[in-house]
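Structure provided below as structure tokens; questions to follow.
Naming follows writing order (A, B and C), and every chain is counted from residue 1.
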Amino acid sequence: MKLLVAVVQDKDSNRLSNALVEANFQATKLASTGGFLKAGSTTFLIGVEDEQVDEVKKVIQENCKTREQLVAPVSPMGGNADSYVPYPVEVQVGGATVFQLNVEEFEKY
Amino acid sequence: MKLLVAVVQDKDSNRLSNALVEANFQATKLASTGGFLKAGSTTFLIGVEDEQVDEVKKVIQENCKTREQLVAPVSPMGGNADSYVPYPVEVQVGGATVFQLNVEEFEKY
Amino acid sequence: MKLLVAVVQDKDSNRLSNALVEANFQATKLASTGGFLKAGSTTFLIGVEDEQVDEVKKVIQENCKTREQLVAPVSPMGGNADSYVPYPVEVQVGGATVFQLNVEEFEKY
């Protein structure tokens, strides 16, 4: 058995939770107060059988991977209107960091 | 040395904390925002010498294991009184999930 | 790669965060609700390449190690003025507990 420690952005946290439940994986969410990632983060502890590790990682990747997002332009407040670009801007969001640990023993009471 | 990661129900959390302190084990509690278990959960990190692993697990089991609890019947509010069963009902509470990880090195500063 | 789980006192938490960022190490902070240490604690998850483990531990030690702190005397409130010692008193603060875990696989998405 393996324990995956996955640090993801808060904005992807609920989506990942739902996807894990749907795929029948059990996870515990820990409130992170900082992170590998610049924005607020959530840490997932996911216990998984060896033969399902790849499947869980695929679920994490599909729901959290780094991608670009279009952000609407903000009109300049008292700024120089000449330098104002009225186009949406692409910013990078998401991303996940996953550590795979070996579980020596696993018990349920 | 081993690191036990134990996810338990919130309602058993204080009792487990006290039992660990009494048995002279050192633990850190992490606030979980979801869990392996349906109700709110707390995650314990417990560092323990190899020869004491069984003892710690026994403490966890004794204080957190799944058990049935009698719940007083709730009288029906605007429901069909014909289907109302005035007996206490047994519900399952508690339970713990424990992952045992190997600690390569342990330091105290 | 290794995952260091470091439990430190809340009062050293920000200093350690800043020192880790400065030294270019990536860490996630988890809110602990109890701890190995008597005061409030913060748990750091620090992913690190094998050859940098010693460096990270040095950063933790330098910023969190147990030390004595002078505390100003508090004048007795309605107490026996005869037993009042008007000297600063040394108390022990800080301290860190570090578990080193082996990371089998590490992924970033």
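By definition in this document, a contact is a pair of C-beta atoms (placed from the backbone, for glycine too) under 8 Å apart; a residue touches a chain by one contact, two chains touch by 3 or more.
Bear in mind the structure is a predicted one, so any value in this text is a computation, not a measurement.
Viewed as a contact network, the protein chains are fully connected, with every chain touching every other. The rotation relating chain A to chain C, fitted on Cα atoms, amounts to 120°, rounded to the nearest 5. Each chain gets a centre from the mean of its Cα atoms; for chain B and chain C, those two points are 27 Å apart.
Multi-chain contact residues of chain B (touching two or more other chains) are listed as 30-31, 101-102. Interface residues of chain C, counted against chain B in their complex, comprise 2, 5, 7, 30-36, 41, 43, 57, 60-61, 64-66, 94-102.
Of all residues in chain B, those touching chain C in their complex are 1, 3, 17, 26-31, 42, 45, 47, 101-109.
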